[in-house]
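Should a chain be cited, it is by its letter among A, B, C and D, assigned in written order, with residues numbered from 1 in that chain.
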Amino acid sequence: MIIIMKPSATKKQVTSVIDRIKDIGLDVQINQDKEQVVLGLLGDTRSVQDIAFRSYEGVDTTIRISNTYKLTSREFHPQDTVVDVDGVKIGDGSFITMAGPCSVEGLDQIRQTAQIAKAGGAKILRGGAFKPRTSPYAFQGLEEEGLKYLRQAADELDMKVITEVMDESHIDLVAQYSDILQIGARNMQNFKLLAAVGKTGKPIGLKRGISGTINEWLNAAEYVAVAGKSPVIFIERGIRTFEDATRNTFDLSAVPLIKKMSHFPIIVDPSHGTGVWDLVPPMARAGVAAGADGMIVEIHPAPENAWSDGQQSLNEDTYRKMMQEIEVLNAAMNEIHSLEMLTAGR
Amino acid sequence: MIIIMKPSATKKQVTSVIDRIKDIGLDVQINQDKEQVVLGLLGDTRSVQDIAFRSYEGVDTTIRISNTYKLTSREFHPQDTVVDVDGVKIGDGSFITMAGPCSVEGLDQIRQTAQIAKAGGAKILRGGAFKPRTSPYAFQGLEEEGLKYLRQAADELDMKVITEVMDESHIDLVAQYSDILQIGARNMQNFKLLAAVGKTGKPIGLKRGISGTINEWLNAAEYVAVAGKSPVIFIERGIRTFEDATRNTFDLSAVPLIKKMSHFPIIVDPSHGTGVWDLVPPMARAGVAAGADGMIVEIHPAPENAWSDGQQSLNEDTYRKMMQEIEVLNAAMNEIHSLEMLTAGR
Amino acid sequence: MIIIMKPSATKKQVTSVIDRIKDIGLDVQINQDKEQVVLGLLGDTRSVQDIAFRSYEGVDTTIRISNTYKLTSREFHPQDTVVDVDGVKIGDGSFITMAGPCSVEGLDQIRQTAQIAKAGGAKILRGGAFKPRTSPYAFQGLEEEGLKYLRQAADELDMKVITEVMDESHIDLVAQYSDILQIGARNMQNFKLLAAVGKTGKPIGLKRGISGTINEWLNAAEYVAVAGKSPVIFIERGIRTFEDATRNTFDLSAVPLIKKMSHFPIIVDPSHGTGVWDLVPPMARAGVAAGADGMIVEIHPAPENAWSDGQQSLNEDTYRKMMQEIEVLNAAMNEIHSLEMLTAGR
Amino acid sequence: MIIIMKPSATKKQVTSVIDRIKDIGLDVQINQDKEQVVLGLLGDTRSVQDIAFRSYEGVDTTIRISNTYKLTSREFHPQDTVVDVDGVKIGDGSFITMAGPCSVEGLDQIRQTAQIAKAGGAKILRGGAFKPRTSPYAFQGLEEEGLKYLRQAADELDMKVITEVMDESHIDLVAQYSDILQIGARNMQNFKLLAAVGKTGKPIGLKRGISGTINEWLNAAEYVAVAGKSPVIFIERGIRTFEDATRNTFDLSAVPLIKKMSHFPIIVDPSHGTGVWDLVPPMARAGVAAGADGMIVEIHPAPENAWSDGQQSLNEDTYRKMMQEIEVLNAAMNEIHSLEMLTAGR
């Protein structure tokens, strides 16, 4: 950590800060710039991050130079972590597709969707059973009944399941039916929930918050990692910006950036990332090319009858075509990879 | 709700949408614009909000024209709601101050802070007992012990208490010690929690999410209102934008806007809104002038020793001066009010 | 255009709005929703867009349903426009690369860079001659001398030139040396400049403003299109958001979106889009897969000695590898295209 | 400037950076943190800001610790600059109002508006003569004719004039009619224009860009200041964020922040800041309380007939009431000031 004093800081103010640094057991290196004093803290500053040096008089600002997500960081864990979802590998160089409806609406609907998903190449079935909405008057999900249908539909086709857990009290329930526990965007910084799911041993699909920075996302993963049992799968799903032509702004640069910063795999969610069905296939293709380890997409047998998010769901025909495109692009990425040309991002 | 068809929409596509509207029991008014067809849905569209008309072929977009927060809206409840916190009124034209430390650090610290708060004119004591942080390695709060200290310090000075509840499982615990239940920014859309606190009958201090729109905030309040027992106090605390000279961008326009849209009171949080202690007093003054019903501020006997958020906490001297300024400005606002000059916002 | 009246609007207020609509020569269709009146304007509303219906008492809001960029829109021009830059085609299904340094620093530097660019496969040379910077104390460009060097270096290798024109008074000067006139992000809404370059007949490379919406960008293109002579090439270069791990947030969804809305080609600028050199190759690859018609990238013989933007420039080795990757991916995209699998975005 | 090396940086990489620092004539202080090396540059780093240390291998990031706006900064100019607009003082503790229509629509309209403005207490008349719009099909302003009407209306009532100059080629023309030259939000970083208006000697009203950071705004002012003749008046007018309930997000914290960082005065523009007429008075009041030196507001004799921006213009009645409120609040601020209570922000 570095502490930058104001040009107007008095000698006494500087000394007072230095004394505090030494009080908490750290060494300090003093730099006298032309205009101001800069103090460098030497030692493990993770433990001092909440000490409010900024409130000392004469302090201009403070800057962290080491990150706070040791277990998530690639720095101390250079090899990629490959997540094993009961035999399905994520992060091993293949491109994994998770597909399914926004909401589980009934057994027939999820079975029919699962068949489409599987036929197109998806190995993991998605579907929401708990669906709290912006408005309290909207459909809120089938809850446990939905989980059962989801599991049954997946088992019949030998698929794995990913679904969201929203509440600490539901972890056991959801873990009973799901292979991957998804943490939704609104819960990216629900630290108690993160710590709790991290103890289940199930892989955690960690969606980026709508206003989550890359740095906050990495720290959120650290909460899971600290618990010690569950690997993390990052899911980029778009952030909120001024642009309203798309539902969110799909921040695809997060893919190579997370791959640079962390050893955990990252997949993309072009359905929420764009919010418009005909932008999903090109953004899915872009996800492959950016080096993502997979994707999660919303499909529906009849999007115009979907109970939620129909406008971003693919119908069978579009989904199939997209999956063929993904296959061609993935082959191209493998060719690039085998020639050791790949510059970065995977 | 209005459905706008694409200029290229076929007659068959239009008919298919109209059939669906009628299927769900609504009437439709058909407008043939020069270039395209526009359909107006007649009836109670609250129940159809998740029906995905946007996924029909030929549909350009859909627009809601009535809001979905009936109980929160001023439209059907023109009078201001005055919240009674065990005798302390919020929303009755006075300007209420809630003050205290970011975190409860111990009994002495909270007692000392409470005395400063009270002496300056605050009637409600704030303080955090559960403090989950961005990094898992940081101080996480004193938990129940902190709640006890907070209650004791408040009782000794005949003050009321506001503190955050983060988890459904903690509601009873927190409600035992606190007069107002605060919902933090990260939980603005934790709908299960909102519904649960709404049943306690305690006033709910609802912070705006870091990326929460005014519309989403009003809908979040509706979750509390639907539960039927607890009034809402909106708390504007800044939103996340590209500007990083302040911790958040303090969106003070939310004050007159919420007053226009809703009958519930709104207070401001200039400490989180700016994140820098010397911007707190001018923004607190601005809050009075914008018509807020009160404010919540962070103070600390020794900000440079605070365990969290020291850089945005006021010391005793600055807090006292600020409270005198607030008093002068509040008198000016009362003068304006008594002359019936006030144009809007209160 | 649609005008939505408030539920509380009086009959007199509604009549007053209707009278105004008729006054300006339009017809009106009146919809009596359950709760409120909605008025539909029939006729060419392009001419009435600034009439402030929103300031009438009783009006809740107004909504435009037809766009205002007729010449740019794909609606009335379904075929792709292929831009011919003196023999080099943009928008014909190939993927065109424009490469070069941020600033022209001297004849040797631009010659050396041009050789690298050409050898890697770029057909168009980029380079800045006018470089106004955030701070007035920074390097501001070689101006006309820089333009000469740029043209000479391009001519020696039979390359085309793209460079920025910042000021109406410079148009003739820059047009003398450059094949494509680039409009920088800061000038996306400098409408006088747009109208002026639109008269040159040269293709216009129109960068998206740092806070420009897709809709504003399309309208900016319309200013060029109205002038009647110059085709537009959209350049996505990232927008400003809260995320600061990258220089900008690269909004790649703009590629399929612009392709859907407009007939003009779109290329991507991963250098400014990310601002970090090792994110450039994966984002360039993603650009190909998203369906872009090309890209513009910053390269430098010795990025660590560049006078500006060195951190986002590629050195020769990385550039070469990236171009090989692009070739493999472009072949894959052609395969997809030839099979008529492509779902959208090109 | 500080250069932070990666933990993985080799000795050779560190040496290579140090050599470069010495090459450009600066001294360096080397800090060996527990995990990584941090280099402090000693000397005048303003001249080296474009040297791309970030592109050196082994460099993690670089951090500027001294600002680049020496003439604008309060650091070296602690006293407030009072701007004298031909006898009307801005920044002397009074609160100055500039009022008028968005667009000058004709002589009658501007005369009528000027009378309303003057009667309410405004000393400076605003009005737009050049109005380039998002769409090329919209009204574009009366140009020189508008300037003449504006000057005439102001002169008849002994008012001063502020109007926008958009183009270097118009400076002489606009300066002939206007006392203050306004730089619009879109031109905040049109550095050539800034340098040119800075030579006129007229005060420059510098609007914040829609996506302009405080730091960029201060640097933009520096371009004017460097030219040496014209003082700057900052105008906060809102920034673009995800919130769309208001036209912009009015960032009122900019008032005390700019006052802390710079000696130049700052005024607020609640009309553009909110974009909705009934939010203008409360935000104007908030501007006074935040410590602004004045405001600029849009008024119109008949907002519903305005040719542009009618929805944010005040009619005579609302304007008058607002001005009375402003007077009461300003008296309160003077009382606060005279008691030396003021904590910050003026």
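Some points to look at:
Assume a residue touches a chain if its C-beta (ideal position, glycine included) is under 8 Å from a C-beta of that chain, and two chains touch if they have at least 3 such contacts.
Because the structure is predicted, anything quoted here is derived from the model rather than measured.
Of all chains, the one whose Cα centroid sits at the greatest distance from that of chain A is D. For the pairs C-D and A-D, the larger set of C-beta contacts lies at C-D.
Mean C-alpha positions place chain C and chain D at a centre distance of 27 Å. Put simply, the C-alpha centre of chain A and that of chain D have 38 angstrom between them. Among the residues of chain A, those in touch with two or more other chains are 211, 240-242, 244. Residues of chain D touching chain B in their complex: 211, 213-215, 239, 241-246, 249-253, 255-257, 260, 273-274, 278-279, 281-283, 285-291, 318, 321-322, 324-325, 328-329, 331-333, 335-336, 339, 341-346.
Against chain C, in their complex, chain B makes its touches with residues 2, 4, 7-8, 29, 31-36, 38, 40-44, 60, 63, 65-66, 75, 240-242, 244.
Remark: chain C residues 20, 46-47, 49-56, 68-69, 132-139, 166-169, 186-187, 189-192, 195, 209-211, 216, 219, 222-223, 226, 240, 277, 303-311, 313 touch chain D in the complex.
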